[in-house]
Structures are given as C-alpha cells and as structure tokens.
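Before we start, here is the structure in question, set down as structure tokens.
Chain nomenclature is as follows: A, B, C and D, assigned in order of appearance, with residue numbering initiated at 1 for each chain independently.
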Amino acid sequence: MNLPPPGDKSIFQRRESEARGYCRRFDVVFGSASGALLRDVRGREYIDFLAGCAALNYGHNDPDMSTALIEHIQGSGITMGLDLHTEAKQAFMTQFERHILAPRGLPHRMQFTGPTGTNAVEAALKLARKVTGRHNVVAFTNGYHGVTLGSLAATGSRYHRMGAPLAGVTRLPYDGYLGAGFDTADLLERMLDDPSSGLDAPAAILLETVQGEGGLTAATPAWVERVASLARRHGALLIVDDVQAGCGRTGRFFSFEGMDLQPDLIVLSKSLSGYGLPLAMLLVHPERDQWRPAEHNGTFRGNTHAFVTARVAVEKFWSGPVFQMEVARRAQIVTQHLERMARRVHGSRLKGRGMMQGLDVVSGELAGQICDRCFEQGLILETSGAHDQVLKILAPLTIGLDTLERGLAILDQAIAASMVLGLRQAA
Amino acid sequence: MNLPPPGDKSIFQRRESEARGYCRRFDVVFGSASGALLRDVRGREYIDFLAGCAALNYGHNDPDMSTALIEHIQGSGITMGLDLHTEAKQAFMTQFERHILAPRGLPHRMQFTGPTGTNAVEAALKLARKVTGRHNVVAFTNGYHGVTLGSLAATGSRYHRMGAPLAGVTRLPYDGYLGAGFDTADLLERMLDDPSSGLDAPAAILLETVQGEGGLTAATPAWVERVASLARRHGALLIVDDVQAGCGRTGRFFSFEGMDLQPDLIVLSKSLSGYGLPLAMLLVHPERDQWRPAEHNGTFRGNTHAFVTARVAVEKFWSGPVFQMEVARRAQIVTQHLERMARRVHGSRLKGRGMMQGLDVVSGELAGQICDRCFEQGLILETSGAHDQVLKILAPLTIGLDTLERGLAILDQAIAASMVLGLRQAA
Amino acid sequence: MNLPPPGDKSIFQRRESEARGYCRRFDVVFGSASGALLRDVRGREYIDFLAGCAALNYGHNDPDMSTALIEHIQGSGITMGLDLHTEAKQAFMTQFERHILAPRGLPHRMQFTGPTGTNAVEAALKLARKVTGRHNVVAFTNGYHGVTLGSLAATGSRYHRMGAPLAGVTRLPYDGYLGAGFDTADLLERMLDDPSSGLDAPAAILLETVQGEGGLTAATPAWVERVASLARRHGALLIVDDVQAGCGRTGRFFSFEGMDLQPDLIVLSKSLSGYGLPLAMLLVHPERDQWRPAEHNGTFRGNTHAFVTARVAVEKFWSGPVFQMEVARRAQIVTQHLERMARRVHGSRLKGRGMMQGLDVVSGELAGQICDRCFEQGLILETSGAHDQVLKILAPLTIGLDTLERGLAILDQAIAASMVLGLRQAA
Amino acid sequence: MNLPPPGDKSIFQRRESEARGYCRRFDVVFGSASGALLRDVRGREYIDFLAGCAALNYGHNDPDMSTALIEHIQGSGITMGLDLHTEAKQAFMTQFERHILAPRGLPHRMQFTGPTGTNAVEAALKLARKVTGRHNVVAFTNGYHGVTLGSLAATGSRYHRMGAPLAGVTRLPYDGYLGAGFDTADLLERMLDDPSSGLDAPAAILLETVQGEGGLTAATPAWVERVASLARRHGALLIVDDVQAGCGRTGRFFSFEGMDLQPDLIVLSKSLSGYGLPLAMLLVHPERDQWRPAEHNGTFRGNTHAFVTARVAVEKFWSGPVFQMEVARRAQIVTQHLERMARRVHGSRLKGRGMMQGLDVVSGELAGQICDRCFEQGLILETSGAHDQVLKILAPLTIGLDTLERGLAILDQAIAASMVLGLRQAA
C-alpha cells in the first residue's frame, strides 16, 4: 500500500484539524494495546490511567470480547443494522435485562441513540421536554454533558460553550460549590418554591453524581437524594448522566446505586460496549417512554459489533459479585496512595470516589507538568477540572494490582519531582 | 448463556423504547448478511435496497474489510484511541489524502467528530459561527441534517422538530420547491441583498445536493453553484452535508463533483467506514480551521476499527476509475426500470440521481403498501419524502447485476399488484 | 429659570445619546405647531409631511382636542390611572365601540398596553403564543413592528436587528417581493402544507397591509385575504399591525377595511390618541381574550390624557362619512402629483395607498438629497424603504388643500433640481 | 355626546380585555385627583398609597405642573415631536443636567426611548450586548423589569413569563435570598471566576437596589457595591433599573446615591415626568454611548408634554435640599407606624427603605384581605412580593403629614381587624 513508516506523524500535521487534543500531550503514534497497557509503534509501553477517558473500564481488547467479535465477523454477523432486530441486539438486551436491570429493580426500557454520550443526552432532554410540556432544564456548575447544541447548553465549560447563545437551561451550583457550610440544594429548593425566582418550572434536572470533567467532584448521596425528591415534587424528570461514572466506574454498575432514588432517565455510553466501541443507550422509565416511532432517530442508533462485546462484558463482569469486590479493592489502593501523595502538595485535596479518583493540586500548570513527567516515565494520565488542576486516575477497573502500583509509583515520583523543582524555582 | 431462541422478539417488546422504527416494518430478527443480502435467523434471504440507509454503499461485510478488521483485532490493534495518533488512523488519513482529497484538489483538513452525521453537522455549524462571528444559518425546505439540537434546527421535518423552539436558522425553499417556473435562488439572492429582508447575515449556507430523507430531490448543478457563489459573495461558509449523498452514492465520491464550487466544510458519515461502522468526518478548508485544541470534543471522535475498514474502502474502490464506471452502469439500470415502473402509476415521477434514485408515487399510503409487499417477497425497501411518498432505492453500489435486476423485478411486481388492488378497491 | 436661549443646541450635543435620529436631518429647534405646520424657535414655518411619522393624522394640536385636554386638566381629571376605571377611559371606550367597532361588526375587546406600538405588538405575539400553545410566528420581509426584543424578531431591518440571535419568527416574502410574476402566498401555502418544510406550525401570521417603514409597499387585498385564509386553515391567529396604516391613514379607519377578513388581533398606536400623545391598544377577538388578570402589564397601560383626546378624535372625525371623503380627495391629489413627479425620475415608481403614498426614486442617496432640499425650502419629509429610497408623504389627513399643494410643489421642485444637478454631475 | 352615566361600568365588562388588573380590586370609576387624594365619580375620596405604582411621587396633578402644561398647550407648544429638538426638550435636558446629573458627578447622556420602563430596559440590554459583544445578562431572583420579551427574560415572575422559552439571562439569587447567613454575591463571584461554571461572560448585570414588585426587598449597599465591582472586573456593564426606586422614592434622586459605584446605564421612568405622563429615559455613560443614529427607535421616544412637567418637577423639588429632608421625615413616620403594626402580625417583617416601605405579613391571602378592608375605609393600597404577601406603601413623597397619618391609621385598623377575624375563624 506504500504507506509512510508507522511512526511518521506528518499526515497529522498536514491534514488533521486543529481541533485535535489528546494527541498533543501524548505525541507518539500508538500501535497496539492490551489490558491496562498501550504500546507505541516503536514498542514502548505505557500504563494507561486514562483508559479512553473511562471508555475502557475493562481495559483494552479484552480477550473474550475479541474472540466473540472475531467469531461474529467470521460468521458474517450483522455489522450495520440500523434499529432492526438482530440476534446480537437480542442477546445483549436479554443479558442487560437479566444481569443489570432486573436485579436492581429498574423497569426501564432501552433506547439506542446515536452511539455517543451526547446523542443520548440530547434524546433525554428532548424526551423530558416532550413528556412534561416544559422547556427549561436545571443543570449544574461544572457539569459536562457533551458538545452538540442541546447538551452543550447544559455543559458548564466556557471553552466549549464558545460564547454561543445557548438556551433552555438554568444553571445552579452543584453540591459543595460554595464550601461545606452551604447546602446548595437550599437554593434549588428555594427557587423551585418561589414563583418569582425566575426559574421556570423545569422539564428535568440533569446531573452527574460524580463530575468527571468537572474535576471529579462527588456529590453526597444526601444531596442527590434531595435533588431527586425536589424533582419529583415539582414534576421534573430526574436525568442521571452516567456516561463517565456508570458501568462500574464508581464501584457498582450505576453510580447512584445505594442512593434512595430511581432516575426517570439514565444516560449510558463510554464503557457500555465494554471494548471501547461507540455505543450509547438511554434508559427510559416505561411511564416516560412517550416517543413516537423513530421520533428521535439516526443511522448509527445501535452498533451491532458493540452489542456483541457489550453482551460479553455484562456476562463476564456483572453476573456475580466478584468483580465489584475487586474494583473496591483497587479503589482502596488508589485512595491510600492519593492520601500519601496529597501530603506532598500543599493545599491539595482528594477528589472523587471508586475508580474515579484524583488529586486536586490547586494549580493547572502544576498538574500539567506532572502529567508530562508521567508520560516521560511511561504513564498516561490526564487532568480535569475548571482549571485542569485535578490529576485524574481513570485506570481500567480490571488493572492488575502490580500494574496499578507501578502506575501510582510513577505518579508519586512525578509529583515529588515537580515539588522539588518548584522549591528550586522558588529559591 | 441461556438465551431465548434467536427468533424470540419478546425482549424488544418488553424492553426496547417506543422510539424504535425500522424494525416495525421489517419485523423479523436478522442474523447475518453479505453483500446485498440480509438473512433472518430462520434463514430467509432478503435483497437489501435500504443498505443501512446508505451506510452500506459497499454492501454488508465486504470480505477484504472483514479480513483487515480481524487481523487488526488479532494483532491487538488499538480499538479505542480517543483522538490519539494511531497507526490505523495514520494509514486511513494517508490514503484518504492520496486517493480522495489530492486528486480532487481539495486542501481540506480532516476533523473526526463523534461518529455520527449529526455530530459532524454540529461541528460544522459551530465552526461556521465561530469563523464568521455570525449566528444565523440558511437551511432549506425538506433538508435533513440530524436530530441533536443544533442539527435539528436545520432539519425540516416537523415530526422530528417536535414543536421545539429551535433557533438560529432561516429556512428557504430548496431547488424546485415551487415548480420549474421559479428559481428559488432568486429569493435567496434577494433576501441576502436586501438589508430589510429579515434575513440576518448568515454564518453558513447548509445544503444537501440530493435530499435523501427529503424525498430524493436532486438540485441542479446550476442552482448549487449559484448558492455557492451567493455564499461566497456574502461572507457565508458553504457547508455541503454529504452524509447520505457522499461516498459514491451519486456516482462519484462527493456528490458535488462536476459542479463548479468548493465547499468550505464537507460533512461525511454513513458509508465513510465502508463497513457500516460508526464514523463521521468534517472536512475543513484550512483557512476555516480555526478550532482551538479540543474545542469540539467527544469520547468517540474517531473510531479505530472504522479507520481500518475505511482505509480498505478507499484503496479498494477509489484508487482507480473502475468502480465509478460500475456504479454508473447500475444507476442506468435503475433509471431504466424506474421509468418503466413510473408508467404504471399515474402522476408518479422519478427522483434523485446516481444510486440514490426513487419513484414518487404521490401517496404515502400507496408507497407503504408497496414496501410491505416487497418485504413479503424478500426485498427490503423504504420510503422517504415529506409524506413518505417516495420509494427509495438505496441498493449497495456493489450489488451484483442479477441481484439488482431481481430486486427491481420484485418492486415492479409489487407496484403492479398495488395498482390492481387499487383499481379493485375503487371499483 | 436661567435657561439658555431657545435656539441653543449645545445641550443636545453635550447630553443627548447618539441614538437620536430625526433631529440630525431637521437640525433646528422647534417651538410650536398647529395643523400641518411646524414652527422653529426663530419663527420659521415648515409644512409637515412627516406628521410624527403618522402619529399626527389629525395634525398638530387640534383645537378641539386642546380645549378638551385643558378642561380635563383644569378640572383635576385623572392624569395617571394605571388600568383603573376612569371617567375619561369610559368615555373613550364607549365612543370607540359606538363609532369604530360596532359599525364595522368587530366584536373585539380593547386591551391597553404600554403606550407604544411595540408594546402592543409584544402583547399580541404573547397572546397568540398562549392561545395556540405554539411558538413560531410568520412575519414578512421588510416588515417593521418595533425594536423591543419580541417585536424586533419580527422586524426585517438588519440595522435594527443588530445581529442579535432573535428567535421565534419564520420570515417569508411579502406580496410582490419577487416581482409581479410570483405570488409569494404560494410559498407560504406550500410551506404550511408541507410537514417537512421546516416551518413550524405558527401561532400567528403578523403583517402590515401597507409596509410603512418597509417602503410603502401595499399588499393587494387578494394577497392579504389569501394569507388570512391560510392562517385560519392552519390554526394560526392573524395579527394586523395597523400602527402606521390604521386610524384613517389609508382612507378608512382600519387599513384592511374592504378586504374579506377579520383579524384575530389588531394593533393600533401612533394616531390613536389623535393628538400625538402616547397611546397603544390591542384589539382582541373575544375568543382569543384568554389573558389572566394583569398577565401582560406595565405602569402606563392606558394614558388618561390620551383617552381624552382620542375620544374627541373619534367623535369629530369618525361619527360620519365626511372625513373619509376628504381624505380620499387629498389622497387623489397626492397620487396625481406623484404621477407627474415620477416622470421626472427614471425608473421611479409610485408606492402605497391613501394618504400613505410615496415615490421610490431607486437611490437612497438621491432621496436623501431631495429631502434635504425640501427642508431648505420649508418642507419636512422623510424617506423609507430598505435603502431609504422611497420619498414618503405622510401629511396630516386634515391638511388644507392649499398647504398640501404648496408642499407638493416644493417636493416637485426639489426633485427637478436634484435631477438637473444629477445631469450636470453626470456631464 | 350621549354618554352613559359616569359610574356605569358596563363598557369595561363588555369591551375591556381580561388583561385588566388593578380595576378588579378597586372597582369604582375614578373621576379626579389632587395630591394624595383620588375621587370617584360619586365624589367619594380615597387616600392614595399606590400613587400610580410609584409613578406619582409628587402626587396627582401638581398645580405648578398643571399650569405649565396648560400654558404649553395654549401656546401651541409641540405635543408630538418624535426625537426632534424642541424647546421643551431643551429646557428639560438643561435642568436635568444642572440639578440632577452635574451635582452628582454623572457624565451620562440621556437617551429617550419609548415612554415606558420596559422600553428603556430593552434599550439598556441591547446596548450592553452591543458594547461588549456578549449575549448573556445576569439578573436576579424576584427582579421585575417589564414584560416585553427582552425585559421579560430578566423578570422573575413565572406568572408574567408564562412558560415562554426566554433566553439570554442567567438568574442568580438577590441579596438576602437565602437568609442572612449567606452572602449571595459569593455565588456570583465564584461563578464569574470559574470558567466551567456555565455562566457565560455577561454583557451586563441588571439589578434594582430595592425590588419594588419583588416584595420591597432592599439590597445592602455593601452587596450592591460588591456586585458593581464584580461587574467592572469582569467587563460587564452595570445597569441599575431605577424605574420604581428612582426619582426620589428612596429619599434621594437615585436609589444608589450614597453607594460607592457609578452605573454604566441607569433606567428611569414612572415618576420621571413628575405628573404621571408616560416618559422613560436611559442614562448612558458616554463611553458606552455607542449607538448609531436611530439604531434603537420608536415613534414616542420622548413625550413633549412630559418634558414640560418633568422640567417643573426637577426645578421645584430638586434644586435645593428641602424636599429630601421632607421625604426623610415621612419615611421615618412610615417606619415608626410599620414597626408598631408589625407587632400585631406574628412573623411579619418590615421591608424596603425610604418611601418604599411595607410589611411582609407572610400570607398573600391575609395581605389581600387587609387591602380590601383599607379600600372600604378609603385607602388605596396594594401588595407585592412573590406571594403578594407584602403590604406596599407607595404614598406620594409630597403627601401631607396628616393625610399620611390618616392613611396609616386606616391600615393599622385594617390589620387589627383582620387579626381579630383570623382569631375568631381559628377559634
């Protein structure tokens, strides 16, 4: 085929849009991957604490999924099926009902939207507006829900909002936004109750229980429950955006398990396929399932290859209790290490929960330096938060204990080195 | 795994959202597919004139793509790579530049958005607004650009718009909307020139050269060229939405080839991966590539499996002139048959061009009956148009001549039978 | 009080906002006025063909209105009454019902909004949206409905729209917008009937029967009737904005008299008070009067002084047929003179109807020169139209025949002189 | 003229829109008024504690203004002057500069918009958006700024917003909204500083220093100053809506006098004409005066009769310090009485400041009963607040001391009587 050598990056410089992002920090060409490891075309290995930004909760190229997918391809299984009934879809839906929905008492229906989180968020917002006949939606500071126009209106980041005249969302402070002394649900409640607050009766309240892009801020169960109860009292649908925090990332399948609430709509994507293939699903409470046929459509609603791997993921990881225990153990290890690291950085704070933890090191510049240093040492790690000040650990949930320890050690050393450098520069 | 029998549809009834669409008309469970044929789990074969709604221009499960994809999986090639540099991406971009962009004199950059057409349309609209500092966008009657909020504002269908207060789009009549006697570009020109027309200076003019969902209406080259020239004169970007009409569907790679114009932004998706895998790309003229890093983002921007198959598609079908000639031949056959069928239905008209042709049979009810009858006879075919009154033939471009003839024969008989029935009912 | 001399304009330069407009062309200080004459503080007299931009249909300071108003003030009549019942309001409403509504078979109710046209247009749009539960409004090219945000969305002028992201309006071409050969109501009908046109079902169709600011374009009765009938058929309210064309300006009280239609909502302002005092009224068909108490409010809804003079205006001018005959006679004189003038200017066209006529002289620069020359000769006259290319004659309806002739003679000479000058410059 | 008897209300029932409001509670026909007294057509007198909803700060029909206005009319002074220079306008502007702007060090220019508060608010918002190139505006809970679409977006009342999809405003809690323990400016500051708060950089912050309709809530000077300083720091214009609180209502001409700030834009209306005639003015800092000629226009921008009376008001009340002292004395009397009344109602609180005080009696039903009882006893008084729970005393600033005492006594008795009744009902 006469291709340039695998490591040649000139095509990216010549022909890829300036919109590209991650590849700027991790500026090598990757060739293969397995589990928690990525390899560049020169053969160098990297521990992956980014994990497709939580789209690879079960690691890269899980062998059982690879096998199932190859079998499917070799058997000429459907690849592109629009929203037709297919064997692969039937199998996935059956197992998702059996192992995920039924045990958790969720009567929800599955809606396959375009295979990205933002597509499913758009569907959720549209459905909530249809069902309630209302237009306004409550979303929260530092929330991230995607960059198509409907989702973007609910997303907090000024960088992504780009000054566009976005409409239909009232923004309120997330849990803890003004410090521990002030329960921000007080403001929500007051504004909902007050007919002159300027808060139009909302179609929905949209939230993440842990804000992934917003800096790994985890809401307390009490706050989420209160918001859920306010939503119900005021006739608004509760939409939980579990795109990043769902599929086991916080330790259980849904991030809101253990809280006393049942969302009307639940948005899943990222790790849903289990294998990193694009897939998104909106779970819709049957009473809210007021769609007319194809009212929200799209060519790639459903992705048959992703159904194949998603089914394997559900069967392999969620048919028994073992996986959750293993995730809990890893989460505990992360916490312990982060606590130690936190002592190195003045003013730093632990953020998040489960396998969605990180360290707020106050300064985005510092966090960036640490990430760069980690990459030099073979660890891929990103930041999040309003000022990119939070070191975000999104390791695969299936990561081996020693790999996890190795990665954390690299991070620890990078922090230590940055601190020493900072002291020298200050001196 | 203890799954229900493959043909059991109860899970769909029990757990799939009412939003499901195609599966209502084609209510069987599909199991496998190759080329232009779909098979249900009972082994029955169907000729596919829907082809993933033009996402399967090269048919189901092209063997070369299957092979390449299996190889990629077996070699632990990257599956999920965010927008990192990967070998597969490098290879695809190189070949797309070599075989598609360079020969056509297009200096455009590639932007990988979320892997659906609507994601790329959203990116295009956002970029046009950013580059021009303007807000308004001109879109056309019967246009279809997707159902996320930004794209939906540009989409004509009231069914999908759902009465939402959509903003930022001025709607103007598409070519031929008021019959042959009136050039609708006159209205566009007049309103652009008139400072009191109420048409705010547009950031972009967004159009399909053939309206796929809108009823297979093909604009004349003269009209498209005039619109392009008006866009340029008034400082608006020209966005060609080639999601359905691109990737060879009209006979050449882009639907606007042969017209005297160069779009600022070109939206591709559907058949871009060649294999029916989700992928979308926005082609951006370098002068318009004013994105900041990750300003428009998303987890699944780029889909590595799709890069693998898309590369094969480009190499296999677009590195020489043969494929285009074969498509032209098939298109001619379709035209001939449609002309004959048109004589059966009073008032019917041929629509579209290339392998994107159909027959407007005036009545949506009649068109629906014909589709149902085709399905009974083993042909999958859908309608489009404002009243679902256009029988839409979207056969794979690679369909064998005899399969094509067989499908057309089924269609012809279905039309004939419906006419007879209609006469009987009228009598 | 130690004020500067009356002709001193320094305070305007020092302290008036740059938003000021008319005073730039007519840059003297005016002191008094009667009938069709204005006088500046130096005693120079001007014939007034602007007439408060049609707010002075009965001329300046009608003596009967002056007397009634002085009596009211001397008797300590209510000046500011919010929307309380007052004697003056009772008297006005009674006479308006008796002499205007009842004889024309209009069952409409009177709603007093803030005393400007745009306030009443806003009320009309809001009510139409409430009554229909729809959001979209159809408005027309070159329409002018005011500059508050709701009305502005329906106004065509780019200068006034200022690039703001205005929403909720679909813009369609007004009668004759594309020349005599194309009936623009065809497009409206087609888009209303077509479920994929992108025209959301409208709450209202809003129009002026003669576009005052838009260049004195008069719609044909057939077109207006067809639009009215389309509105009814599609469940949209018909709103006639009679702010400039109403109150006798076109020869009868309402501009749509003689047409076969009954608007749901009629907007009046400008000459409604008869005396140039701020007043606006929305006439609401009883079936549409679905307001809740004070749902649309405002401090100055109703203006008691204006009720006093408005009552006199109704009694004096509209209790018998004489006034309308006198207006018709004046309109005929204007037409005759304009026809003669039109022969002087190549390509010029007569515009408008009744006492709302003018001459389109093609060039805004030329029209401006003519206005300036008129002002030098003691005639106040303005332009309108998208390019300010229409000389607009809005003389008081009560103007004396000799004053009218004198004014027209000045205009004729100004045109002649500009033509001569133009020829010289061209030579 | 053959009118029905003055007290006949049938015309209102027959022909006035259901939108009417105040006349429902005060259901008599008023005939004349002077100072703080209104008289109905039967000759009954009422003390006016509503005062045209603060549009009559100098009482009804001030004799000096009456005289000046009659003189103006008798001298054929201009009534309707569009925005031409007139003698009356020159005189008003000169005195407003001399007695109001210059002594307070305000370099602002005067822009005469349509003569209602909402017109001037619309102009302010539009200018702020133009000057900053930003779209978003911060407004506060319980704010009231008018009901045209632009102002309505900034208004808090759900009743007036009517569920419309209003855009362009971020709503934040006003001072004290969450009780004394929480400074709501903390949230504003946090959200402005946080690039992921979802608060787009605002064009303006719009506020009332005392919320008239919102329940007479007075912000502390410290809070207003902090907001002003945040606006400046973040490049947003500060707009003070002094429509209700300005023109002396709080004791000084502007409500923000004594605070350490200078608004970019100040909105005045209501009592600006001094006589209850419609007039509105936007004061624009010269650096912000970036209007192009007539960019914001309207027929009744400026109201010449109102200029005549407004000039008298400025000269008579604001050329020396006496008036302010008299207002302060009356305000003190109101406070003393309210404190006594507050003891009668469990949980009640004093609200407001200056001559814009009231009593929050917790229940809207109770407040309504008290108002009704007052009206029976010859006192006109209204409620405000989200639940209409605040008795609002807006007596003329010029009210005689004995009339003030009489009015307060009626109110006191009405409260006492309602309490007794409440006790009986409870028993």
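FYI, a residue touches a chain if its C-beta (ideal position, glycine included) is under 8 Å from a C-beta of that chain, and two chains touch if they have at least 3 such contacts.
Here the structure is a predicted model, which is why all the values come from computation and not from measurement.
Counting only chains that touch, the fewest steps needed to get from chain A to chain C is 2. The greatest centre-to-centre gap from chain B, using C-alpha centroids, is found for D. Compared on C-beta pairs in contact, B-C and A-B come out with A-B as the pair having more. One simple way to say how far apart two chains are is to compare their mean CA positions; for chain B and chain C this gives 49 Å.
Look at where the CA atoms of chain A average out and do the same for chain B: the two points lie 30 Å apart.
Annotation for chain B: residues 135, 159, 165, 167-168 touch two or more other chains. Chains touching one another form the pairs A-B, A-D, B-C, C-D.
Put simply, chain A touches chain B in their complex at residues 1, 3-4, 6, 8-9, 11-12, 14-24, 26-34, 38, 41, 50, 52-53, 55-56, 60-61, 66, 69-70, 73-87, 90-91, 93-95, 97, 101, 109-112, 114-119, 122-123, 125-126, 129-130, 135, 146-151, 153, 159-160, 162, 164-165, 167-168, 243, 269-270, 275-278, 282, 284, 289-300, 303, 305, 315. If you check the complex, the residues on chain A that touch chain D are 134-136, 139-144, 155-159, 161, 163, 165-171, 173, 177-178, 182, 186-187, 190-191, 194-201, 213-215, 385-387.
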